[in-house]
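The following pair of complexes shares a single chain, chain A, combined with chain B in the former and chain C in the latter.
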Partner chain A sequence: MIAGLYRAGDSPLHRMAAGWKLLALLVAGTLVFLVESPFAALAALLAVLVLYRLAGFGLRLAMAQLRPVAIVLAILFLAQLWLASPAVAALFVTRLAALVLAAALVTLTTRTSDLVDAIERGLAPLSRLGVDVAKVSLSLSLAIRFIPAVGQIAAEIREAQIARGQRPNPLTLVAPLIVRLLKMADEIAEAIDARS
Partner chain B sequence: MAGPDGMIAVEGVSLERGGRRVLSGIDLGLNERRIGVVGANGSGKSSFARLLNGLLLPSEGRVSVGGLDTRRQAKEVRRKVGFLFQNPDNQVVYPTVGEDLAFGLKGRGLDKAEIADRVATTLARFGLAGFGDRLVHELSGGERQMVALAGVMILEPEWLVLDEPTTLLDRKNTRTIMATVGALPQKVVLVTHDLTLLQGFDRVLVFDDGRIVEDAAPGEAIAAYLRIVP
Partner chain C sequence: MSTRDVVLVALFAALMAALGAFPPLMIPAIGVPITAQSMGPMLAGGIIGARRGALSMLLFVVLVAVGLPLLPGGRGGLAIFAGPTAGFILGWIAAAAVTGVLVERFWSGLSFVTAFLAAAIGGIVVLYAIGIPWISLVGGVPLATAAAGSAAFIPGDLIKAGLAAAAILMVKRSYPIIRPAHGRP
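The block that comes next holds the complex of A and B.
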């Protein structure tokens, strides 16, 4: 399952308007990359964890948000360690982890429909340039909705390959995954047509 | 084909898909409350179902619902004819149940309070009270199909077309879904391989190789189907 989807609640963060949360994320995301000290970055990370508590979420859920990017963080840490110094590596990874956790906190405390509405309002001026804002926001909600489905299809293909004596291999996963996703996309488009 | 209000008229319809003729010479009117559609795989029954709300358009002939042409008035036709697919996973488009139910209503100019009210009423009506904030991908197959059904019915169509809605369900969930469908006031067209679901239906169409080979009451139609697919 995907850890970062909306969790119902009644905390101040849940009640806060989606637009303000997105704006706060944008500002915090910019500020955290202006921070030069690993200790300041650590303070930012701890502040985000405090916000998780404020939203009624535990440390375990916070850690679950980092799991999908753990390998990327580890690679970046090692790369910075090799290219720069331990302090720079720690600063880089702590900043990124704080940002990932903050972004996940927004989706955990905001219904997708509210998020989509806020983005739609934010993008509204682009409609004058011919951008179909409603389609952009529907695409966003579909992407969030179908992330777990893509993971499930990949797991099914992997199981089928193992059952037929193949070793799990990302290369042999790609083709059947794309075929299944294209078929699914056709069916989703048909369902949206039927409900529109 | 003239008929009572709300009638689905299929006139001289044939359909080609991918260079292959999948339906030929379909000519009928549908106005009964419960209509079943059976046929072997590839017989054309699912394509026929998709013609009824304009998801597919005929290569020849015309399909209309209450006088509205599926080719020229597709949007209006889809408001009259709801469609439930076999796999709810590809029909539910929002992550949570409540958001998904609200999806179809947003395009109809309702305000937020009215949408919330209709979502709450529909959740209760379909045994989903308390499911509003649940993540769809965490529900069981039966619950997901019920969410998909509620998502169609919240739009209050006149007709409901169901394309093998119980194929992925166990017996208990099949009974639950069919009991819910059975209680709906809407006219229903049910495409199925499960002949037991057709008990009490008013009319059953049997498809074979893209043609309707029997159009009768369930007993007679099912007997004809079993002669084709013993």
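The block that comes next holds the complex of A and C.
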């Protein structure tokens, strides 16, 4: 089982049901896109930072959430500055930063398993439209279990190639890896069908 | 969907995670790191077909959304979908579908050229057709600006389409999964 991005804690945000957090994020995300003033966007950003505090997280963790988008945000800021005005540039970048931070906060305070449960519950009404919720659940739990296994097989193939004196490259690794996975698929499917 | 279809979908979602853990290739002439992961949609569509391939990408996107750090550099979580480049992640679903449809269409006489075109049309043309307007919309910049910012990744993506095409052909020869459109056995 691979570790998710969840950070354990006991704050009101951690205790809140996953479904409500997702709904709140959706509403907040829509509202923040209706904001037209950079000051309102800044207020939204500060409000999200207060929520980080409430969740027991420091400013440093909040900043770490922005790092992956920092370059794109910087480029967007410069493009807006050049094409529009400083106010518009500030509005767009502040708004996006607030949204990214809010979304990351849901991830940080919600266990992967709770989010998976929320999705499965959310899908239940769709079963009348032909969505096979049991198969969706099966594919989710299988994939979570397969992730470390596939990484392990990839490492084995790479080691075997190095031992034979081959220099592994993406192609000589990917094709045998996929053939191994396809062969596995038949065995796993038979085992699942035999048990049900 | 048979149980085997579900297993194939889950395995290709897991393959995406493994590709995300591959060390990125740095080609000095291009200047941007090439990650193996965006080969995933081309491989999924070209090897398990349009429907299962697209579902495997949808499953992978859901796994990222629920907080697993499966994107290169251990990124993941809902924040990915709030950022301006989310179209390039969500676009993987359509990319796999289009690559899959094209490979299925050319299946009986599949060559490197047709496999490459299928991978490039699905994994580059379709992906950028979703990713670039997304940046433009979310970031509030004109389409041309968003396109110029994305162009640096095209050479790397062409290399990946070539690698994916070669892999699709190798797997077709040794373990074909897609059935020809006519005359199902």
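Basically, the second predicted complex is superposed on the first by the 127 of 196 C-alpha atoms of A that agree within 3 Å, B and C clash if a C-alpha of one lies under 4 Å from a C-alpha of the other, contacts with A are read in each partner's own complex, and residues count from 1 in each chain.
Following the convention adopted for this analysis, contacts are C-beta pairs under 8 Å (C-beta built on N, C-alpha and C of every residue); 3 or more make two chains touch, one makes a residue touch a chain.
No experiment lies behind these values; they were computed from the predicted model shown.
Of the two partner chains placed by superposition, only chain C is touched by A:103; chain B is not. Of the two partner chains placed around the shared chain by superposition, chain B and chain C are both touched by A:184. Look at A:8: by the touch rule set out above, it reaches chain B but stays clear of chain C. Of the two partner chains, neither chain B nor chain C is touched by A:43. Of the two partner chains placed by the overlay, neither chain B nor chain C lies in contact with A:61. For chain A, the partner with contacts to more residues, out of chain B and chain C, is C. In the superposed pair of complexes, A:174 makes contact with chain C only, with no contact to chain B. Of the two partner chains, neither chain B nor chain C is touched by A:123. In the superposed pair of complexes, A:194 makes contact with chain B only, with no contact to chain C. Residue contacts after overlaying the shared chain place A:150 against chain C, while chain B stays out of touching range.
Comparing the two interfaces of chain A, the one with chain B and the one with chain C have residues 2, 5-6, 111-112, 138, 142, 144, 149, 184, 188, 192-193 in common. Residue ranges on chain A touching chain B, taken from their complex, read 1-2, 5-6, 8, 111-113, 138, 141-142, 144-145, 148-149, 152, 184, 187-188, 190-196.
Residue ranges of chain B in contact with chain A, taken from their complex: 50, 53, 55, 75, 78, 82-83, 85, 87, 89-96, 98-99, 102-104, 107, 133, 135-138, 151-152, 155. Chain contact summary for the complex, chain C toward chain A: residues 1-4, 6-15, 17-19, 21-22, 25, 36, 39, 43, 47, 55, 59-60, 62-63, 65-70, 73, 75-85, 138-142, 145, 149, 163, 166-167, 170-171, 174-175, 177. Contact residues on chain A toward chain C in their complex (touch as defined above): 2-6, 25, 29, 65, 68-69, 72-73, 75-76, 79-80, 83-84, 88, 92, 96, 99-104, 106-108, 110-112, 115-116, 119, 132, 135, 138-140, 142-144, 146-147, 149-151, 154, 170-171, 174-175, 177-179, 181-186, 188-189, 192-193.
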